[in-house]
Every structure is written in C-alpha cells, then in structure tokens.
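Next, two complexes with subunit A in common: one pairs it with subunit B, the other with subunit C.
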Partner chain A sequence: MSRLKEVYNWFERRLQLEGPIKEAALHPVPRNTASWWYVFGSAAMTLLMLQIATGILLAIIYVPSGGEAWKTLDQLNHQLYLGWFLRAMHGWGSNFMVAVVLIHMAQVFMFGAYKFPRELTWILGVFLLLMTLGMAFTGQVLRFDQDAYWGLGIGASIVSRVPLIGGPLVHLLLGGPIIAGATLSRFFALHVFVIPGLMLLFAGLHVWMVLKLGINEWPMPGRVVRRETYIQEYNEMAHKDGVPFVPDALWKDLFFSAGILVAVAVCALLFGPYGPGGQPDPTIIQTAPKPDFFFLWLFAVLSYLPPEMETPFVLIAPAIGILVLLALPFVAGVGEKSWHRRPVAVLVLITVAVSWGIFTHLGVHTPWSPVMDAWSGDPLPQKLVHSETALERQGAVVFQAKQCRNCHSVGGLGGQRGPALDDVATRLTEDQLIRQVLQGGGNMPAYGKNLSPPEVNALVRFLETLKPANRPAAVDASQEAQAQLGK
Partner chain B sequence: MSDGKKVTRRTLLMKIGIAINAIVGVAITVPVIGYLFSPVKRKGAYNKWISLGSLSQFPEGQTRLAEFVNPFKRPQDGETAKTPCWVRRVGGNTFQVFAINCAHLGCPVRWFPQSELFMCPCHGGVYYANGDRASGPPERGLFQYDYKVVGGELHINAGQMPTLANEAMAQKEKLVCLG
Partner chain C sequence: MNARQFLSGAFLLASLVLTAGCERFPGYPHPGSEAMRPDEVTDFSRLYSQNCSACHGADGQYGPAIALANPEYQAIVDDNTLRSVIANGEQGTLMPAFAQSAGGMLTDAQIDALVKGLRQRWARSGYLQGADVPPYKTDKQGDAAHGQQVFQAYCSRCHVTGTQPLNTGGKTKTSSITDGSYLALISDQSLRAIIIAGRPDLGHPDWRNAQPGHAMSDQEVTDLVAWMASQRQQTPGQPYPAQDETGRGKKL
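And now, the complex of A and B:
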C-alpha cells in the first residue's frame, strides 16, 4: 500500500492534478439537481467517447475510396472478427447520440437552463447539436452505398438552389463535377477530423462552463432569475442546501451511462450493422433512396412543399431555426424558469415534438412515393375483378399494365400517392373518370396521349365496377335533375 | 497601466515576433485557399463531348437507358465514375437525352414504356415522355443534355451532375436568358 502511495505521490508531485480534480468533483450542487432528469448531458458525452473509440477501430480497416469503401465495409461485416459488431455499435451509437442530445436539449429548455448566466453554455450546445447532426449525415455518406450516393445527390440538389453561388457550392460539396471518389474523401475528412475535433473542443468548453457556473438548479415557480441577484442566490442554494457532485449526483450519471451503453450493445447485437446497402453504382437505378432515421422528417417536408415554396423554405427555414435557437438566451435570458409559468415554451416543445414525430412517421411510410413495382408485383385482388363483361376485364388489364397501381392502391396494395380506388365509382361519375384519366390534374399526370380511346373506354368501365355492392354509384347532380325534369 | 504602455526592447521584440508569424501565416495559408477551392470551375469547364455508342442501340420512338464514363474520372472513383442517362430517339437523327436525376432532388428517375412516363422513387415526381413535368414536386421538366450525331454515333455534352444550378443543356440556358 505504501509502495502504491509512493508511486502516486511521485506522479502527483509532477502532475499536480489532485487539487483541480478534487475541486471539480466535490463542488457543491443544489440538492434537487442530483436527479434522474440531469443525466442526459453526461450520457451524450459517454456516447461521444463510444463513437470515437468505435470510429478509430473502424478506421483501421475502412478505406475512404470510391472504388473500395463499400468492399471494406462488406469485409468488416462478413470477414473480420467482430467487425460487424463494431459497425453496429458505431451505427446504433450514432442513433442513440442524436436521440440523447435532443432529449438533453429538450430537458435544459424545459428547465430554463439557458437563462443567465448560462447563455454561452446553451449556444455551444446548439452548435454541438448541429455538429452531432453533421456527424450523422457525413457518417451516412461514409457508408458508401446506393443510399449514400443518392443522398449526396439530394444534398447537391438542395445546395444548387442557393442563388448565384449554387453552382460553385455544388462543386465544393462534391469535390468535383460529380459524386465520386473526391466526394467521399472530403466527407471522410469532415467526419473523422474536422467535426470531431470541433466537437471535442466545444464539448470541453461546455463542460468547463457547467463546472464553473454550476449546474442549473431545479426550477421552482416564483423563483425568478435576475441578473443582479442570481449568482448570489445560486451560491447560497448550493452551499446551504447542497451536496457534493461526487458521489451524490454522479452515481446516477454513471448508472444511466452504463444503461445507455448496454442499450447500444443490445441494439447492435439484435439488429446488427446498418448496411451497406447496394453498391454505389449509379447505373443501377432500381433503387428507392431514403435517408437515415433522423433525416426522414426532412425528406417528408421536402415532399409536401409546393414547388414554388421549396427553394425559399429549404434555404431560409434552417437558418431561421438556428438563429431562433441562438437568440433564445438573449431574448428570454431572465425571468421564470419553471415550466409551470412558461406555457409558451411548453407548447413550443410539444408542437415541435409532435410535428417531428408526424413527419418522421410519414417519412417511414412515404405515402407520396410511387411504389415502383406495384404494377408488376401486386396482383389485383380477385374479389375486385367481379366484372361480367370482357371489356371490364380488359380494363383491369389496362389498369395494371399502365402503372396506375404505382400511385393508386387497391385492396390495400400499391402506392398511396393518389387516392385508393377501391370505391372510386362511388365518388366519380363516368364523365369525371374519363376527364381525370385523360387530363390528369390534382397531382395526376394526364394519360391523354398515352392511352388509345379503346383503352380509356375499357379502363373507365373497369373503374366503374370499383365500389362496394351496398353503396350507390356516383351520379352527376345536374344530369339527374334534368332526367327528373324530363320525366 | 503606465507600465503596460511603456515600450521596452522585449515587448517590441515580442510584437515584431507576432507580426512576423502573422505575415508568414498569411503567406502560407492564402494560397491554400486556392487549394480548397480548386474543385470550383467555370460553367462548362467540366463538360466534354462523350459518345453514348452507335445509333443502332436506340430504336426510333423508344426511350432507352444509356451510360457513359465521366470525362473527369479519377482512379479512386470506382463505379461512381459511370453516369446513366435516358435516350429518347424521337425519329431519324432527332433525339432527346435526359439526365437520370430528377429535377426535384436528383434521385434516379425510371422510365415506364407502358404508360410512357418517367417516375421518381423519392418524392413522386412524374414526367411525360418528352421530359415535361407531369406531376409532383419538381418545378421543371427533366434536365436534357446537348447532343450531336457524329459518324453514326450519338454524342452528348456532359461531365457534371445536372442540378438547378447546372441545367446540363447550354443552348436552352441561352434561350432562357434571351427570353
């Protein structure tokens, strides 16, 4: 024991770290902050460490070359001992990190932690969130498969919409005229050197400020933040009714971080690594590119915007969003911290969360995308082909062969871009059906040039059979009235 | 305060040292900005005339998938040096060569000869056989490459990914400017 102590003392005399570490560890924190609500920041840090460790292990094998990246990922998945597991840990670690960082942000927002004097802590946090998302996107590119290739195409298409300098920006993003080896190399540099380096710096400053300014106290209704008195009030709270950070608060952080690591490992074991999907060969066009989970909401928003809104929205909305987050501590830097007294903040958070959830759900199900193989893959349900005439049956063939199913589902199968047609005959009359098929409209292409008159005739006859037996067919009100008058 | 303002030999030398470092730093880093911006080139600088092969591959009245290797191919590009495109032979020597990239967000559009439509798998953009926008989020028709027929082969002027900032066809842009 004394030998150990001697060794320790030898190092301590030279390093002199004991003092500052003890000070940081034992600094008093308000008693009620030793709470399970305060564990997300440390969990994000743990995940950052996990990503760095697994990232370095993957970089030993990975080759950031357009011709070889995919093959080295395949090797990791199938040929190297535990290669698949490390890829899975890195992929799931990324998912957990984005989620935990978002939860951390929502929690400090709810607890008013961005108010005086922690404005800069919040601002660095906003940049850390942006960098976390940047890591998720660049990481998805390094998984150099079909989704990565076409995802870059989407990125380039968005960037190209910037007025005046869109063209040069695309060249900078891609590192050349097309998505190719140079593109992968620059995303590798971003993902492995630039963003992680900045993240470590920012995260270090973020934690430094938490230590120096003290952790945000549990908000109580009526305990108002004032610039003149807050620091004194906080210090009194921390010293009179405080507990040392170690061990009173730290044990919860440790338990939660361990839990998160277990959760990442379990997901990695159960669900395995992400891809890589198909090889990044642009001539294989039988693909339906989709971004990773945390960008699905954006994918959905991009589909619902009217064309004329798209460029302004895509370019301006993110800038406004980031500015709002950065301005928040300056606009609402003092006042009530408790959510009981901040109804607008609560509503904003709920609205953002619900919108995000809805758009993500839509992004998973992509009801706006045609199902490219529905016309050849999904048969017409037999019960719907209850037509008696050959013409109607011929119409069913036209319906199938002309890719109508790619956008219109029948019997629950097919695309959802247009309305389901199971009961179209109860909604549209013959004339309306013909008009819709020939002229399109309401987001449907006009088939006038692509169908012969007999084909249209057969198709409409078939569509007129698509209604439940117990419901009447659609009628034209004016014709009906005239018929009544005639009688 | 008065001590800080006094210029001694040492503070002067330190300031000169800082200045020298600043000058050296600027002299070294400014040219590197050129290195970072080297991918940016003038409009058309990346473009070249590339053969898509013999005309006989493209039957009249039909639309076929063709592919070419990018003229600015680098050894590390692998498969990504290749680019597909849709060739529509309207008749005789009249063609339309469409970029594979949807005018909305660049996803690969697919041709359906039965319904004579191009459909995009990403957000449901649809185009007619002549490339005009039919429905969905795209704000314009498909991008088209300039083409010419040389010695029984179809050539197109290509080399960079078509986007709204680079609409592939040089002539059309001129017409738009005139209009």
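And now, the complex of A and C:
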C-alpha cells in the first residue's frame, strides 16, 4: 500500500466521510433530469464561490471608510496589477448571479419542483433570492460613488416610511441620521459577514435537501403529485430508470458552470469594472444617479407611481410578493407539475417576466431627468444662428440662458423631457407660443413670472424660426379668417 | 469541443490576460476615466464645452452671443474684464454669473483656467498693435443726435431701424436693431463691444470695415451707442400694442 493511501486511511478512519460522499455522488437520479435545464442551480452556486473568492481579494484592499472607500477603488482600478479585472469579475459576477438565480427560480417554478416534498427547498430558495438581491444592493453601496450614495438615500427613504418605527429603522440602517462612515461600516459588515454567512448556511441546507430528496423529475402531463404516493413513485423511477448523479448528471453542471465563468470573464474584459462613478458627495449636484440593472425596474415603477401610491406600494407590495412566494408550495403543493397542465403558472411567469423587462427597458431609456447643463453646454446648429435677425439671435440667447434647452432638444442636443423644438414653428403660431411660454401646460411649468416681456418676445421670435425651410409656419383659425377677410 | 480543447481555450484566455498587457482590453479603465469632482475640472476644453459653448458657439463662433474666437474681440478686452464678466455676469445682458461667490458653479481657479484658455486659443499676440482701436470701455458721454448720423453712414447698408422691413431672401422680416426688446436685452457695453469687434463668423464687419476704407473713431462708436441707447423703450416687449379705434389689435 502506498504512503498516500496510508495517509488517506488515517484521515478516513477519523472523518468517515467516504461513505456519505460516495452515497451522495452515486445516488441515482431519474434519467431525464440529466438535462440542460437543470444546470442553473449549480451555476448559481459556482457564481457564489466566484463572488466569495473575488470578494476576499477585494476586501484585502478595500477600506470601508467614508474618506477612503472611493480612493481604494480608484487604486484598484489604476495602481494594482489586474485590480481592475478583479473588480470587473466581482461586478459582473454579481450581475450574472442575480440573473442565474432568477432563471433558476423561474425554471423551478415552471417545472413544479417546489411541490411536495420539496417545499422547504423552495422556501430556502426564496430566502436565497432575497439574500442575493441584498448582496447586490449592499455591494452597490460599497462601491461608494454617487449612484451608491443616492441609491442608499432612496433605500433609507423607503425604510423611513414604515409607520411608527420608520425613524429608528433609518437610524439603524445608516448608523446615524445621515449617510456617513458609520453607514459604510454597517454595509461592509452586512455584505462581507452577515449575508454571505447566512447565504452559505442556507445554500448548504438547500443543496443537502436536493441530495436527500432527489432532483425533481422531468414533469410529464398526467403524472400527478400525491403526498401519499410521491416518494415511493420517485424512488421507483430513480432506481428503475435512473443514472448515477456522478458523472451522468454532473458533467453538464460542470460544463455550464465553466461556461458561465468564461462569460463573466469575457464581460469583465470587454466592459470593465463598474465605476466608481463620481464621488459620493451630496454637494455635487451635477449628477443623474441610476441603480444597477437589477433594481432599474423598481426605479421605473417608483417614477411612474402617483405620489400617494408610493408608500403603500413600497411597504405592502414587497411583503405581499414575498408572502406569495413563501406560501406557494403550501397552496399548490400537490397536483400536476407539467406546464402543459398549469396555464395559470405559465401566464403568471410570462406576465412577471414581461413586466420586469418593460420596466427595466423604461428604466434604461426614459429621459427621467432634464439635461442640467444643456443650457450652457449644447451649442445651437450653425444655420439657426447664421440667418437670424438681431432680435431672433437675442431670442436664442434667452432660449439658452433661461435653460429651455435642458428639457427641449434642438438639432438632437438637449433634454428630452419636453418635445424637441426643431419644427415647433410648424406646430404653434406666435400667439400659441407666447401662451405656452407664459402659462406652461402639458407638464411644462409656466415661465410668465420668470421672463420679462422683452425676453418672451425675443424667445418667441427665435422659436418662430425653428422650422424646416420647406414647411409652412403654423396658422390658427383666426389668422385664416383674417386672411380670408383680407382677400 | 472536448474537455481538453475547452481547457486549453480557458488557459489561453487566462494567459492572454496575464501576459498580453491588460491595457489592451476594452474593459480596462483608463486613468482619469472616473468622474472628477466637477469643481476640480480645470481643463479648458471641458470647462468651455460645459459652460460657454451653448451661447458662444462650439469653437467660440457661430453662437448666438458674441464670438470669442474673434481676434479683434480678444485684442480689445483685457483679462480682468473677461474674468469679471465670467464671474459676475454682465449687467443688462443675459450673460449669467458663473462664480460660486455669485451663485454660479465655478471656482476662482476654474474661471482663471477659462480666461487663460480663451487667451491661449483665440488671442493673437500683437494683433491690432499700432491700429487706432476704440477702447473696450469708455467714460465719454455720447452725442445721440450725431450717433444717428453715424448709423446712417456706417450701418444702414445692412441694418434697419423702427419698423422697416428687412428683405431676407424673398421673405420679409422686421429686423430692427432699435427694436425695444432687442435693446432691452443688450447693454451699452455689449453694443460697444460688438460694434468694434464685429461678428466675423457671421460676416458682420468690425469697426474698420463697416464702411470700407474708413474706420469708425472712438467718438463715433460712443455716439452710435448713445443713439441706440436713446431708442430704448419704457415698457419694451409688448407684443400687442394699444388697440386702435376699430377695436382690432394691430401688430408691429
């Protein structure tokens, strides 16, 4: 017997792990579960490991203090060899993890895998999803830049709306009344110790149950889950038409996980690390913060909600959502697993996915904010300036100096909160322009009190020049009537 | 693809990252790519394009406000005036104050950087040296009556006054430079600057070329400004003048 074997035996006699590991590795699983649809759970686990490994390396450099955090990120990006790549891997790893966990959950839901006897596996999974999102949010805070600062501000403002204990809760969350060094320490502790610790525990139990209860069989229409008979049926299926978990099912997991890691690396190389954006200083007002992609939908929803709906929505909707997810295996714990026989489940999933996609799209593309420096930064197209009269040219100065450009684009530059004004003269007559400027309307504020009569006059003269040469200026009914009279 | 191929692919990727120099990847964050504090930016091009180009034009020309890429203008205006106008705005015009001390967003260092950049980019050293240039500022009182004659002599070839129409390529506009609204939005000092420096980008001549071969004198410029100032109205910018007897509003 070789020396190696002796050492192995010495340990094995004391640890006695060979038996359980062999049993776990070789336990039979239904042949049809060795499918490409079953790889997302293990990919999520792989990503968790990647996040832990890259996270530990980042934690060696990162200093969770208000004054240092941004500098250490800058140092990672520019001064440490491959520091940027490490940050990029961790950032993209987080994106992939949220995505893979969501896909895993959708797949489990579609396959009815949450049904008896895997209720607890699902419930732990729901908590794992919440923790993944928690990791994403706390991680976004640790990237202590303007997005982090304002994202935290929104988080604190949501928490502050909890009745009665809102104030103390904010205090607890931020470690004081304001976002400061104490806040960052708290989020560091959450991101590095509390949530990952819980995650590892929950993920361990989650995997343990998968091993003990077996991988969910491929759902077939008509194969109905009954509490009395399911376990026996499953065991029969696994033994009669089963394959050992290693290697028959595992190789696809390994392959997919490796693919995911390569995808993370490619994204990291191509798109680089996330920020850090501008420094997290609330006195810097030249900023339009946005959350990372997994919270963009929430950003869009909150923007569209009427103000009176905000508090009920942010406090009640998440609670209901989580309760629904937790209650799911108890409400629909038995019965059909196949999507062919579960139209409601299919519709729910499609609705959620489509809404999520739409809100995320809106979050990305809606011009939420005026372009605050368009008035001083975006030049006017040359031809507009060239042909103007003195008053019209002065009107162009009014147009810029009074910041109309922040909401209205001309020549493709400027804000998009209001309509582009390239052809406004074909739509509004002089009188209508004056009225619109003075009184506002249609989401535009009234500028009557902020502009002097000469400014309005000059501005409207300039706006009247904004039309393509080949199109007639707008004419209203009274002008038409006057023209008729003149004839 | 078998496992060996896959592994060698991954190895190749990893060795690429480690050896080929990580700066070559598009994801590599280049120094300075992080957003600076806005009040730490002292790069002229960036400051100019964020704060000035909307009114003064992308390259200091073709903007609705006075052209800065105009060597005549750069020759008559001094650093202190430039600095003070940027910092505190120009009284009687729409030029806003940019200094933090005056409610703007720029620090003194940024304003200095702008003045320096404007000079470096658009001033020509020694330009107009020896020429009889009317000074940028004057304390002299102008003679408005003589100013009107100056207008007739130098300006009326292109500019009109009152309600005379201006023919712009088949279309008639009233482009009066004595329009009440126009005069309400421009100061005497700005009028003086633009008469002297012209708008070469828009084809408007400077003080030497308004009447070819005969430059305007300091006194003539002063008188012209005085005459234009005398044309200012008490309540300018009323689009609908008092109704006439028929009860029908008449536009200017």
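For the reader, a short list of remarks on this structure follows.
The definition used in the following text is that the second predicted complex is superposed on the first by the 374 of 487 C-alpha atoms of A that agree within 3 Å, B and C clash if a C-alpha of one lies under 4 Å from a C-alpha of the other, contacts with A are read in each partner's own complex, and residues count from 1 in each chain.
Criterion: a contact is a pair of C-beta atoms (placed from the backbone, for glycine too) under 8 Å apart; a residue touches a chain by one contact, two chains touch by 3 or more.
Treat the numbers as computed from the prediction; the structure is a model and nothing was measured.
Applying the stated contact rule after C-alpha superposition, one finds that A:224 touches neither subunit B nor subunit C.
Touch criterion met: A:276 reaches subunit C, while subunit B stays clear of it. Shared-chain residue A:177: touches subunit B; no touch with subunit C. Of the two partner chains placed by superposition, only subunit C is touched by A:88; subunit B is not. Shared-chain residue A:166: touches subunit B; no touch with subunit C.
In the overlay built on the shared chain, the residue A:386 is in contact with subunit C alone; subunit B does not reach it. In the superposed model, A:288 lies in contact with subunit B only, and not with subunit C.
In the superposition on chain A, A:303 contacts subunit B only, with no contact to subunit C. When the two structures are aligned on the shared chain, A:369 is found in touch with subunit B, with no touch to subunit C. Once the two complexes are overlaid on chain A, the subunit A residues touched by subunit B in the first and by subunit C in the second are 279, 281, 286, 375, 401-402. Listed in rising order, the residues of subunit B touching subunit A in the complex are 37, 39-41, 43, 46, 65, 67, 70, 72-84, 100-101, 104-110, 112, 114-117, 119-124, 126, 128-129, 134-139, 159-161, 163-166.
Those residues of subunit C that touch subunit A in the shared complex are 6, 10, 13, 17-18, 22, 25-29, 31, 33-38, 49-55, 57-58, 62-65, 94-96, 105, 159, 166, 168, 173-177, 179-182, 184-186, 202, 235-239. Interface residues of subunit A facing subunit B in the complex, by the touch rule stated above, are 65-68, 149-150, 153-154, 156-162, 166-172, 174-182, 185, 279-283, 285-289, 299, 302-303, 305, 307-308, 310-311, 368-370, 372, 375, 401-404, 406-407, 417, 440, 443-447, 449-450. Listed in rising order, the residues of subunit A touching subunit C in the complex are 74, 77-78, 81-82, 84-85, 88, 145-146, 255, 258, 262, 265, 268-273, 275-279, 281, 284, 286, 373-380, 382, 385-394, 396-398, 400-402, 405, 430, 434, 452-458, 460-461.
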